[in-house]
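Next up: some structures, all given as structure tokens.
In what follows, subunit A forms one complex with subunit B and a second complex with subunit C.
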Partner chain A sequence: MSQNQPILRLAGLLKKFNGFTALDSVDLSVSEGEFLAIVGPSGSGKTTLIRLLVGMDEQTDGTIWLRDERLDTVPANERPTCMVFQSLALFPHRTVGQNIEFPLKIRKVDAARRKERALELLNLLRLPEHYYDRRINECSGGERQRIALARALAFDPEILFFDEPLSALDYRLRKTLEKELKDLHQRTGKTFIYITHSLEEAMVMSDRIAIMRKGQFEQIGPGEEIYARPQSRFVAEFMGEVNLFPARPGEGAHAFEGLAVDDKAAAQQGLIAAEGAYLMVRPEKVRVLEEGERADFTTAGTVHAGYLLGSRRQYEIERGDQKPLIIEIVQDGSPPLADGARVRLGFDAGDTHLVERD
Partner chain B sequence: MDALQRRLGTLYAVPAVALLVLSFVAPLLVVAAFSTMPQGVFSLLHLPDFSAYGTLVTQGYWQSLLWSLFMAFAATVILFVISWPLAFGMAKVFKRFTLVLTIGVVLTLFVSENIRLFGWVLTLMKGGLIDGYLGAWFGGGLEGALYNVPVIIFGLVYVYFPFMLFPLAQGIAMVPDDARQAARDLGASRWQILTEIDLPLSAPGIVVGSLFTFVLATGALAEAKLLGGSAVIVMAAEVETAFTYGQDWPLGSALSMTLIAIVAVLAIFTIARIDLDSIMGRRG
Partner chain C sequence: MKTGRFLTAALYLYGIAILVALYLPLLSVGFASISKSRYLSFPVRRYAFEWYGEALSSGTVADLVVTSLITAALVTLVSVVVGFFGALAFARYSWRYRKLFQKFVLLPIFFPQTVLGLALLMWFNAIGIVPSWKTAVVAHLVWITPITTLIIAIRAYSFDPALEEAARDMGCTTLQTLKEVTLPLLAPGIVSAGLFAFLLSWGNFPLSLFTTGADSTLPEWLYAKMVSGYSPLVPTVGMLSVFASALLLLIAIAIPFLINRARSTESA
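Entry: the complex of A and B
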């Protein structure tokens, strides 16, 4: 088995519901041991995709391959994959131990071996061994997450799917579990495919992120790459606060709405104002210019509102009838910008990125 | 606040308790008292006399008791098996059709049980509907369809069908879909989903449906009389006879008490064994 062969491959996977195309002929390769996050707003097709992957639904067209074997023709209960449900779907009439042992019991593993494995998994998930005899309804939300995970691991799947299992938890617990999950991925070496609408969650945990939009993959790549070089406005805006300046091709080769530009610097970076393109700059790359200070791109506006974000302070800068500019300044002890103050802003061509389409 | 709620709770329970005492416990006590009345005395002021219970054993009334229990048990088991698929469909598969089915089944209850059973007698009897058609078409007839134990059990199954179907559908509706899907995802076959998920999680419905049918069928009278002729004499028939033709109130009461005691023990035992709250995974 070569490391390069993908463990999972989708080819032209299509799913229609009464004429509505939920999944539009997607292709995807996932390599062995990868942690892939599939992110998208609701209705983007990510839930449809995972339902096809685990066999809860049947595709209209296309194929799913697990290494060299067709997966989509295999019934759900015979697929060597497993899913952690959004609702967790723990069995309320069984104890913690019985829940974890369920897949082993199904395979008729003997009771002693089952218990041994369940205790191993309790340890792996950092749950005390006496939880073995607990009832599910005596466990907290975080504990239930771990039990659901232990149950899925007991199945020993080739690929472990997650359908937004953390979405119902409070922020602190979610953060803790995100890290635990990443850690667990490293320790088990299994392939994880994680569906979420939270980009933050995807960034923290995954090796690669696939952004879904209208039933298709809009962009697939490592988190850093998607953050720094989004291919579309949709991805750029999905990946957090961003400033986008529409191109004005009629006004010059490097003209973007509301910006004064140093043509030479822009040309060097290849920032061509093509029709439909946007110039993107992240809020933390924009700086407030001193009197006479220069930058490759400059603009001016009025400070409208300031928000403290812990180590940084974010401001909205009003610029006439254009979209307000968002900037973030590291808190270094200097006084905050006053509301209504007139500021000149600038950023360098090297800190920008050209987004080619909507 | 807590104390107030408790007081209110007690107050709210008063009407129901009063009604139960007057209409259920009191008659029961009267029957219990009658059952220990010496024969021919006809007064409640006497020393208890348990000879009626002795008669129950010596005169072979236990046979009727066993027949009643056996036929009720058989009817309950058959009802469970035939109702399960339909109840499952009503709870999980049929959508609007569930309502149609519910109305259809409930409508049958609008016609008196005896009339419906007479309908079956006319259908099954010699020279009746089926026998007549079979004779006209094939020359052969339907011999001995009535007046035996299987036809009594059939009658019980027919009459108590709704009492099993609806609680069962209710129980199955409580099984969470995601638990079924998760079990399947974890490798369970259809049979394993049935035994590991569906049956245990719909246990409250199964218990309620089975108790309804069993308790009602144990005390059933009309099925054995109308369909069964008098192939076997059921307990309820013995009670009726003792009170009416026999004019032996102590014996009738003793028979009733025995039946009530057996059914009560069974019911309490079953309900106590099954912890409804834990089955439903109710949060504390």
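Entry: the complex of A and C
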């Protein structure tokens, strides 16, 4: 999907508010037709970034390039980009049709052509044509999402930005719209840049995920890669439930807190217990060991709490004063682990990943 | 929530009591204006409408109406324009001392109007301006602009600033944003602010008393005639003034309705 020429390029983009650095000299390059999700907790700078990109705010330093042209010097209303707002920002005093046609009206497209395009977009977004004359307040949450999207597509932007538009919807509707959005991205071939604090949303839809932390990109890459090989503890924890074992460099080349280790297997995988590093294993990779069964890394503890997660069951395993271990076992009909039972746990070096920093 | 029979009765009673308290006194002026006798006494023995004819043909009354009308119209225009931009400044932009300024702007409402009138009169004298209906316009503005600002600000606060940003994002210039988004959304606030401004100026007595100088507005004249030289012309002119206000109110209520109709035919 990605082509060579980047459609959008940020170089050293910096934004300060009264001495507070909201965006700390970020660089980024987005390919034509890509679906990029920018994910981060609140306050990580993602909203600041998108506001700079659409021109609602001005950067303190740095540049934004759209292909070969400077974008940051262009006023917001002249930028060939469009954003779907968190609140959707549909005009309550206009009908659905008038909302969708709005960007065309501003461009002085004649009324007949405008209506034709609005009806096309209603079709594209699977809304019935008679919605054209509806009032916004007569539409449901999901319909409003589609109308906002149709309006943004009517603008025909080079890049379409999304500022967490699905965050206010209930779970099922959100899931449906996530899939529709991904489908729409494929059908229109446009470049989508989607901001969200929900990793799940980012994973479902995007080609690449950029994780933000304290005004910087912590890691950028395809979802699978970020999930399997996070570069920092922050990303590892942000990408879902995870077990992290701090390195104990003083105790051996492959020593991690609370784990018995098979040194040969650990060495083969290059799992060096460097200062500040963590050994990471996802809950679904940890097994409950039978009597005498071996694993590259082993530990033991007491079953503390169990939660049913649909197809899997999650347990917290208490291990003295160390952080409880989280494990997930696929429901296969075997009886659940009893509360308070002593268990031996293990996982293999190949299922782990070395996280190098905090 | 389902209201019980007792509560319903109590609510009706309450409503009726309020209406009676508000409108019964007005009714007595109405009766006085159509009574043939010089002073009002119940029951009214003979009705006559001659004072209405008198009032409508009187040059004095016409002058008063013109003065009051021009004053109120100017006050409405200026206070709504100033209030509009003031409200936007409060609701849309954050600047230093904004909160403080917001409170100071509203302060004149809380002054007793007589004190405000006196203060303004002394001020006009101090800077050498001869009071006339024009100074009254200024006096009314001091008191009414905070009110229009408040009314429009309430409306401005209640709509999502992202609407304006979205308009800009989709290519609107500042002026287009104002025309396409801000103004239509603030319209109800602007209409009610204008209505308030007009009626408050039209009926204002204390500020006018101090600041009109040799000119006279309707309420001032009514008061003067009450004090000396009463005739049934007083309640008659009073009633005409009420009718004028009511007419304005009806027009104001009709405006949004008419706009809506015009808009729906435009889009069809």
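We take it that the second predicted complex is superposed on the first by the 356 of 358 C-alpha atoms of A that agree within 3 Å, B and C clash if a C-alpha of one lies under 4 Å from a C-alpha of the other, contacts with A are read in each partner's own complex, and residues count from 1 in each chain.
The working rule: a contact is a pair of C-beta atoms (placed from the backbone, for glycine too) under 8 Å apart; a residue touches a chain by one contact, two chains touch by 3 or more.
On a predicted model such as this, the values are computed, not experimentally measured, just so you know.
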### Task
Please tell me, clash or fit, for subunit B and subunit C sharing subunit A in the overlay.
clash
### Message
One more residue to check, A:76. First (subunit B), second (subunit C), both or neither?
### Response
both
### Task
Answer with first, second, both or neither: which of subunit B and subunit C does A:332 touch in the superposed model?
neither
### Query
Who does A:102 touch here: subunit B (first), subunit C (second), both, or neither?
both
### Query
Should A:136 be classified as contacting the first partner (subunit B), the second (subunit C), both, or neither?
first
### Task
For A:291, select first, second, both or neither according to whether it touches subunit B, subunit C, the two together, or no partner.
neither
### Query
Given the touch rule stated above, what does A:68 touch, subunit B (first), subunit C (second), both, or neither?
neither
#### Entry: Which of subunit B and subunit C A:275 touches, first, second, both or neither
neither
### Query
On subunit A, what residues does subunit B touch that subunit C touches as well?
54-56, 76-79, 82-83, 85, 87, 89, 91-93, 102-103, 106-107, 151, 155
### Task
Would you tell me which residues of subunit C are touching subunit A in their complex?
159-160, 162-163, 165-173, 176, 180-181, 184-185, 267
### Message
So in the complex, the part of subunit A that touches subunit C is made up of which residues?
### Response
54-56, 76-79, 81-83, 85-87, 89, 91-93, 95, 97-98, 102-103, 106-107, 133, 151, 155
### Message
Under the stated contact criterion, what part of subunit B meets subunit A in this complex?
### Response
176, 178-179, 181-189, 192, 196-197, 200-201, 278-284
### Query
Touching subunit B in the complex: which residues of subunit A?
54-56, 76-79, 82-83, 85, 87, 89-93, 102-103, 105-107, 135-138, 151-152, 155
